[in-house]
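My questions will all concern the structure given below.
Chain lettering (A, B, C and D) follows the sequence in which the chains are written, and residue indices restart at 1 in each chain.
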Amino acid sequence: MIDKVVDGFGAALAGMKDGDTLLCGGFGAVGEAFALVEAVIGLGVRDLTVVCNNAGSGLVGVAALLKSGKARRLICSYPRSLDPTVIDELYARRAIEIELVPQGTLSERMRAAGAGIGGFFTRTGADTNLAEGKELREIDGKLFVFEKPLPGDFALIKAHRADRWGNLVYRKAARNFNPVMAMAGKVTVAQVGEIVELGTLDPEAIATPGIFVDRVVLA
Amino acid sequence: MIDKVVDGFGAALAGMKDGDTLLCGGFGAVGEAFALVEAVIGLGVRDLTVVCNNAGSGLVGVAALLKSGKARRLICSYPRSLDPTVIDELYARRAIEIELVPQGTLSERMRAAGAGIGGFFTRTGADTNLAEGKELREIDGKLFVFEKPLPGDFALIKAHRADRWGNLVYRKAARNFNPVMAMAGKVTVAQVGEIVELGTLDPEAIATPGIFVDRVVLA
Amino acid sequence: MRPLSRRQMAWRCAQDLGDGQYVNLGIGMPTLVSDYLPPDREIVLHSENGILGMGGAPKPGEEDPDLINAGRGKATLLPGGSFFHHNDSFLMIRGGHIDVSIMGAYEVSAAGDLANWATDGDTRAPGVGGAMDLAAGAKEVRVLMEHNGKDGSKRIRDVCTLPLTAKGCVTRIYTNLAVLDVTRDGVVVREMIEGLDLETLQKLTEPKLVLSKDWKRIGTPNLQ
Amino acid sequence: MRPLSRRQMAWRCAQDLGDGQYVNLGIGMPTLVSDYLPPDREIVLHSENGILGMGGAPKPGEEDPDLINAGRGKATLLPGGSFFHHNDSFLMIRGGHIDVSIMGAYEVSAAGDLANWATDGDTRAPGVGGAMDLAAGAKEVRVLMEHNGKDGSKRIRDVCTLPLTAKGCVTRIYTNLAVLDVTRDGVVVREMIEGLDLETLQKLTEPKLVLSKDWKRIGTPNLQ
């Protein structure tokens, strides 16, 4: 029997190791798996790479993880927020490496990883200094830049409801990066608000089929 | 006011011209917009390129269009069906060009067109004779082939329900290629079984947001 | 001469949006455009965080924590709206499905180059967000910005001095002084505020301006 | 010696599928595997036309015209199943999310090369379907085929003679005579049918066979 529901964050994060890349869902604070991400801090793993659209806000979730010093590197599009104290302080003393990626390219690179695509050409950023050092190609008279897949060792995502097969539905704009990160994580862990009986979720409206989800934790 | 619902196939197909590429949805007979595709025959346009997973079955839909001689070229993955009389006969007398594309690559090439991707590397087919003449690249020790976007002048798709904004939902496995073709069509026309009041479709379950749809026709 | 307020600028910008257009509003001043959409037109707002058919701000007490716009303000959904994931959202942007992107800017060049993500001497970590995707992917990019910097510096330039967001993408600029089109024949002045003449505007603008034959005064309601 | 029937082959193949595995069944004989999934395991069937959690054939009268499998037979959906579009379906395949792909084949080489889409002298238009995607993308590819062609030709070859579907992808072969693993040490015989010896099997097979130390007889129920 398939039962992806695990008991507690220890089981949810089992197997995480030094140097892992974590894909952390959410846009601003919406759709971010605060408790799950914060549970990483206590694991004793370090030199993590955190992939997240932003860099957390205040002292919770991704911001708390960054503040803990466990992450060596942040891959993001917009490390600013309503309360950017943590990232601003880390950046000021160069205590974290930042790789800045345009938001759509960030999403597409994760999708490529999840989809078995070896890389793709996009016009986004091609004629900017974010393309420095990257392969450029003119296609149909327009300049494109080559971007590589961005897989995660873990995807730490948030969803509204799940069933024991790991099927997920989200709520409104809390969907954002979570489905694409689920595709790109070698181990995808979903923090969910509710676990429902198998067969309850509308098969036409499941936003993340369980094939992309390894563990579900209620929080 | 936005009202994408048009009256009849003439309005649905307005602007189609010689040499156009038509993306025709469906897998086997399921999810194919039979009546809409058949309406192309009477337009007087020719030298069409038809993109379709199969090549139609029997004498309806895509099979009827191919039989009419209006199409010069077929891009497909599997031109076989329960009743392949039309395509077998056309192929036997070399009356149609066929470009064979692996099914996932066919879908991904259309997505690339809809997503503004200039091309991508895939392992699918890289070490086969379908990669002949294409750019090959070794990425992380594995062989990939470069594939280009495949846009359509028209996408002729089928959906279950629509609203006047062109939002679409499908029914079960009749979804198949239709959403990705909607993304890749310069003009996307959806043949639907029912038109519902705006706001009726569940915003969490709209499979094709109206931004991808230009015209809706009831049939 | 009285420069337009931010709300007047947003109002003016909103008037050019057509019935049925899909429009993305950038963070900052462009967000205000949603308050002035012409009521006789259906304009579908796209938000990069996975929303089409976004409505205005919710009434007090009706805010939904899971329904925010790209600037993280609380939002609503109109009938006909839909939710989708980030990848589909940027597929819409990159794939040319968005008719108009309205963004703020630091600088725009005479060739329509856009610089709106990095400034000189920013001590904070750089942030680009979705600006490069929108600049490269939207069918049309319109800029909404103060005509000059707070220090009086020129922001419509012969060549941008700041890092680019994309080349040759901007077609129209709405400032607190004028409405200008970026064309092959140069930067064309379509509208100026009451009391402003071309000579004065030229002094505030680096590239040589062309006055449109049918130029007119910007008329906006009194919005502060 | 009595070669396995097609249903016996499908039954044998089904016994190796594990609880919780995501499995794609190719058209033709592999479709029969769904009839023999061990009832004590939950195995999630993926169908390339956008289904996860596909069930068996519907009862007469309960067929749904919009619910078919990849071979266009009528299908059902299990509780927990879901529908999605073709692009997501092949993202699952290409991205390595499918644990096991079971396909038919014309030929398999000692290196695990697969040839299952084009034959010599086919007068019909060629069709590849999703075979190349599955062969390149699934975590594991298992082949279900008659050990020899109708003309007695060898189908397990040193090198494939027919156009390839993908190189080095096949890990296990189920035939009407044996179960064989494709390994770095060669093609290893794990099981043979009652009455068959290695010498006889070798004559029907091109690459040099290795008999596994713990080889055994295939035991299957009597299925025609």
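Here are a few things to note about the model shown:
Heads up, the rule we're going with is that a contact is a pair of C-beta atoms (placed from the backbone, for glycine too) under 8 Å apart; a residue touches a chain by one contact, two chains touch by 3 or more.
For clarity, every value in this text was computed on a predicted model and none was experimentally measured.
Contact with both chain B and chain C is made by A.
Chain A and chain B have CA centres that are 32 Å apart. Taking each chain's centre as the mean of its C-alpha atoms, chain A lies 35 Å from chain D.
A separation of 56 Å divides the Cα centre of chain C from that of chain D. Chain centres here are Cα means. That of chain B falls 29 Å from that of chain D.
The multi-chain contact residues of chain D, meaning those touching 2 or more other chains, are 77, 83-84, 90, 93-94, 136-137. Contact of a single residue of chain B with at least two other chains is seen at positions 108, 111, 115-117, 122-123, 170-172, 204, 207.
Chains that are in contact with each other form these pairs: A-B, A-C, A-D, B-C, B-D.
In the complex of the two chains, the chain B residues touching chain C come out as 1-2, 111, 113-117, 163-165, 167, 183, 198-199, 201, 203-204, 206, 209-212. Here chain A touches chain C in the complex through residues 27-31, 53, 55, 77-82, 84, 87-88, 91-92, 98, 100-105, 107-108, 110-111, 122-130, 170-180, 207, going by the rule given at the top.
Of all residues in chain D, only 47-51, 64-68, 72, 75, 77, 83-87, 89-90, 93-94, 123-133, 136-137, 163-167 touch chain B in the complex they form. Against chain B, in their complex, chain C makes its touches with residues 19-20, 22, 42, 44, 46, 52-53, 77, 79-84, 88, 90-98, 136-137. Taken together, the chain B residues at the contact with chain A in this complex read 108, 112, 115-123, 137, 139-140, 142, 144, 169-172, 202, 204-205, 207.
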